[in-house]
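Okay, got some structures for you below.
First chain A sits with chain B, and in the next complex the same chain sits with chain C.
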Partner chain A sequence: MLTYALVAGVLFGLYFSLVGIGLNLVFGVMRIVNLAHGDIIMLGGFIALGVVTLASVDPLFAVPLAFVVFVLAGLALYYVLVPRLQGASNPEMLSIILFFGLSQVIEAITTIFAGTSERSIQSRLLGTVFTTIRVKWFGGKPGPGGPIHILGQGFPAPWVIAAATSLVAIGLVYVYLYRTRLGTLTRAVMSRRDEALATGIDVDRVSAAAFGIGLGLAAMAGVFAPFMFGSITPAFGADATVTSFAIVVLGSLGNPLGTALGGIVYGVCYMLVQTYLSSWADLLPYVLLILILLLRPSGLLGRRVRVA
Partner chain B sequence: MPADLQPLLQASAIDAAYGTMQVLWGVDLDVRPGETVLLLGANGAGKTTFLKSLVGLIAARRGHIRLGGADITAMRSSDRMRRGMTYMSELAVFPDLSIEENIRIGAQALGHADAGARLDEMYRLFPVLRDKRRNPASSLSGGQRKMLGIAKALAAEPRLLVMDEPSAGLSPLFVKEVIRIIRGLQERGIALLVAEQNIGFLEVATRVFVLEGGRIRFSGTVAEMSDNEALRRAYFGLT
Partner chain C sequence: MPKLVKHLLLIVLPLLAVFAVAPAVYQNHLLLFNFVIFLILAQGVNIIYGFTGYLPFGYVGFFGAGAYGFAIMVMHLQMPAALAVLAAGVVGVVLGLLLTPLLRLTGAYFAIANLAASLAVLHLVANPALESITKGPYGVSLTGTFNPTLAYEAALVVLALTLGAVVYLRNSSFGLALQAVREDPVSAAMAGVDVVRMRMVAWLASALVAGLAGGVYAWYVSVFYPDNVFSGEFSIFAIVFALFGGVATILGPIVGVLILYGVYNLIGFTTPQYFQLIYGLLIMGLVLFLPAGLMSLATRRGWHVP
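Then we have the complex of A and B:
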């Protein structure tokens, strides 16, 4: 049982890393907490629902779709909202109010169109593209893949697919930040925003890219939410924001790759609590937030906390 | 006026403020090609505010700034810097990035395609940085950070380098090193505007502007400054 909980914890942990990494990227570059982050995750879940319902294809196709749609939406939103924030006398406080309002609007509009009932997707639908490839190219037998075995324990295939996709996404974020020109400029802005401006970096362009990618990653994570949590509702976003915030603070606020560590620690704690003290599971993000703020406010990676 | 005497940078009647608190009143300053202008003033005189208004980090409330004859008053800072003016702030570097990344950013931020060539050039100028190129900038000593800050600013091949208190936080030995570096920049024909409160920098200055309480109190050559009794008392401690 412990082995199962630990392996499942790592699988969920990788997924939670993807859930939080976009929030941390946006915070690191723009010094604002996107309180609508969870709502973008929720919308990613509804994109997966839409792909299955309308196109009857593997919900994995929703991953690139959700990413592209929300990168573009993020860019548009950035250029609509940020000039107003920059013109304000207290941009940090205004950003909190603004993104809280945005969160409420997204939830209300989604409720109007989707209702309040819980929506789920049959877990066997995720990854059917792999079954098709196996049958057509390698002559395998059609039929459901069943659980995937790791260390002698069987795990639902969607958990493994979500974890693998998250790992790839985190790897790509690493490549973006450390191997591309825009990524290096992004890290420069995260390191010292004032110095970035003084160096002549186009901080607006870097911030817009980070905001778009942050939203795209959140929407990608959302595609897997119906499989990882069983179902989603329009109200799912508020809880997802709190969870994301706990993961980010746990890893290190302002350091996106610290979120990978925060996610795994959170995931293992989550599965251990689910396994041994399931009635306490809902308290986990709040308890972890309080503990980390009391014991190690700079997060597990010990990066200096920035003042928002 | 001969072309080489036409100001490279001309700031006219600059007013600047933080919210309702006005810091600068009608500041005039010019820098000619290849010369080194020292902006001298005590803490709180408005030196940093003036430099920030020059490079576009804060907006001038009044007045005009021209660079190479073009009015840049309303330009974004990144556009001003693309026109050949780079700024070395007091912070100077990105501490979380490697030394090599800092220099590359200096070139790339302003659109230099061949950052590699600029990097080699900076390593030739500052060999100590090459030895530590993979280390984070935060691992450098105060003097080496200033050196890296200068390399980062120079990587963009500026016509004018604006330096904010390059001696801040440095021991006298490192201040001498910074002055030696400035002499090297002068030999390369780069125009320099150096804001300082350390009068040791007078030895490299072509002209001096003294800023007090947000207003220019004096402008002239070093010799003219030393002839001014009040300034001599204030800055040289002489009677």
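Then we have the complex of A and C:
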């Protein structure tokens, strides 16, 4: 039981890291609190749903699709909203309200088109592409791959696939931030925006890229949401936003890679509470968030970024 | 005539008078009551956000705690309703005291932590494990104290109290000191302002107001569920109303509530998603084009806004 909870916690944790990392990238670079983050995740879920119902292929194909669509949407949204916001007297506060408005708009439009009913995808559909490849190249019998065994325990295949995809995505974010030119510039803007501007970095371009990638990552995480949480509704976004915040703050706000650690800590705590104290599980993200903010505001891995 | 008296006579009294006689001429009692509640909450947000710059994104936590404070006093201690409303205010203040450490956080950190705190209180109240005390997620029913007329009058009293506090803040050195702290806490401290104490007073005042509002709300509706009284809409509406009018003024939040909540009720509840869409767009437009609120249209021309 304990091994099960721990391994499931790590699997969920890796996925939770992907859920939070986009939010953290956006906050780190722009000091903007994207309260619509959860709604982007929800839209990612609907893209998966669309891919399954319209094209009836493996929802895994929705991952690149969701990413590309939302990187483009993010770039457009950045240039519409952010420069105006940055001109106001207190952008950090106003961003909370602005993006709350955006989240309302997204939720309303999704409800108008999709209704309020819960939507789910049969979990055996995820990863069918692997089975097909196996059958084609190595022979063997087609059919749903059952649970995947780790340390003698069986886990649903979607959990493992989501965790693996998250690991790859986080790895790519690392490569982007530390091995590319744009990534280096991004880190420069993150550490000191005004100095970056003074050295001639095109802060707007860097921020727009970060905003697009942040939204793209959220949408990617959303593709797995119907499998990890059972189902999605247009109202799913608000809870997802708070959960993402808990994860991000746990890791440290403004340090995207800290989010990976935050996600795993959160995932393991979540599974342990779920296993041993299930009626209190709902309280966990909030209490954890408040405790971390009060005891270690810079997060588990944080430098001191916050000036109180 | 000192400005304080002028503001009381010209803004607070007429507003209270209008809402006191309104039930006699207008049928929709619940709507009037909701107007009063939102006036209280918007001014409560004004006290903490307008004067100190802390955005209480989980303001509804105090409101819900007040409502449940009222319910528990009535259910378990058989307290008379008026007394239970006071107890609700105390519950709000106690929750505020518990959350004072949050004031160490600034900006977005505070807003998020406050939101998390309100959700934590919601999940605590709605926990089935505490059913014997709070009735958990199944909601409470207080038919014994049901008396909308009296509850409405109590709400007016709370509104008078709240408006009085805001008028005081707008016209006193205390309010000015708070605004100095908002702009630059270090300089304010250098000028001899006791930053920590002042923030805390504003924070507790705002918590008290929301707790009292929660109490009268519970009295008025008498049957409610945790999700009703902890609905994030209360925080959001109160913040948006206050911002729309313009914070750190007396008139701003009042105008905000009267216009926006009026529009809300004109659009109607029949298709909530269209309403949500319009509301979301309105909020975005507000932040992008009028970040300092309606009152800034007047201050920009150099007119003084009370």
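Here, the second predicted complex is superposed on the first by the 304 of 308 C-alpha atoms of A that agree within 3 Å, B and C clash if a C-alpha of one lies under 4 Å from a C-alpha of the other, contacts with A are read in each partner's own complex, and residues count from 1 in each chain.
Quick note on the criterion: a contact is a pair of C-beta atoms (placed from the backbone, for glycine too) under 8 Å apart; a residue touches a chain by one contact, two chains touch by 3 or more.
Just so it is clear, the structure is predicted and the values come from calculations on it, not from any experiment.
K.L.:
After aligning the two structures on chain A, examine chain B and chain C and state clash or fit.
P.N.:
After superposition on chain A, chain B vs chain C: fit, no clash.
K.L.:
So, does A:Leu197 touch the first partner chain B, the second partner chain C, both, or neither?
P.N.:
A:Leu197 contacts chain B only, not chain C.
K.L.:
Pick one for A:Ala235: touches chain B only (first), chain C only (second), both, or neither.
P.N.:
In the superposed model, A:Ala235 contacts neither chain B nor chain C.
K.L.:
By the touch definition at the top of the document, which applies to A:Val249: first (chain B), second (chain C), both, or neither?
P.N.:
In the superposition, A:Val249 touches chain C alone.
K.L.:
Going by the contact rule set out at the top, does A:Ile150 touch chain B (first), chain C (second), both, or neither?
P.N.:
neither
K.L.:
Which of the two partners, first being chain B and second being chain C, lies in contact with A:Ser279: first, second, both, or neither?
P.N.:
second
K.L.:
Check the residue A:Leu293 against both partner chains and state whether it touches chain B (first), chain C (second), both, or neither.
P.N.:
The second partner, chain C, only.
K.L.:
Thinking of the overlay built on chain A, is A:Thr184 touched by chain B (first), by chain C (second), by both, or by neither?
P.N.:
After superposing on A, A:Thr184 lies in contact with chain B but is clear of chain C.
K.L.:
I want to verify the contact counts: of chain B and chain C, which reaches more residues of chain A?
P.N.:
C
K.L.:
Please work out whether A:Ile112 is in contact with chain B alone, chain C alone, both, or neither, and reply first, second, both or neither.
P.N.:
second
K.L.:
After the superposition on A, what does A:Leu102 contact: first (chain B), second (chain C), both or neither?
P.N.:
second
K.L.:
Check the superposed model and tell me the shortest C-alpha distance between chain B and chain C, rounded to whole Å.
P.N.:
Across the overlay, chain B reaches chain C at a minimum of 12 Å between C-alpha atoms.
K.L.:
Which chain A residues are contacted by chain C in one complex and by chain B in the other?
P.N.:
Chain A residues touching both partners: 89.
K.L.:
Using the touch definition from the top, list the residues of chain B that touch chain A in their complex.
P.N.:
19, 55, 57, 76-78, 80-82, 86-89, 91-97, 101, 104-106, 108-110, 152-153, 156
K.L.:
Which chain C residues qualify as touching chain A in the complex?
P.N.:
Interface residues on the chain C side: 53, 55, 57, 101-102, 104-109, 111-113, 115-117, 119-120, 123-124, 127-129, 232, 236, 239-240, 243, 273-277, 279-284, 286-288, 291-292.
K.L.:
Any idea which chain A residues touch chain C in the complex?
P.N.:
Per the stated touch rule, the residues are 27, 31, 33, 81, 84-85, 88-90, 92-98, 100-109, 111-112, 238, 242, 245-246, 249, 253, 279-280, 282-283, 285-287, 289-290, 293-294, 297, 306-308.
K.L.:
Inside the complex, what are the residues of chain A that reach chain B?
P.N.:
Its residues touching chain B are 89, 181, 184-185, 187-188, 190-192, 194-202.
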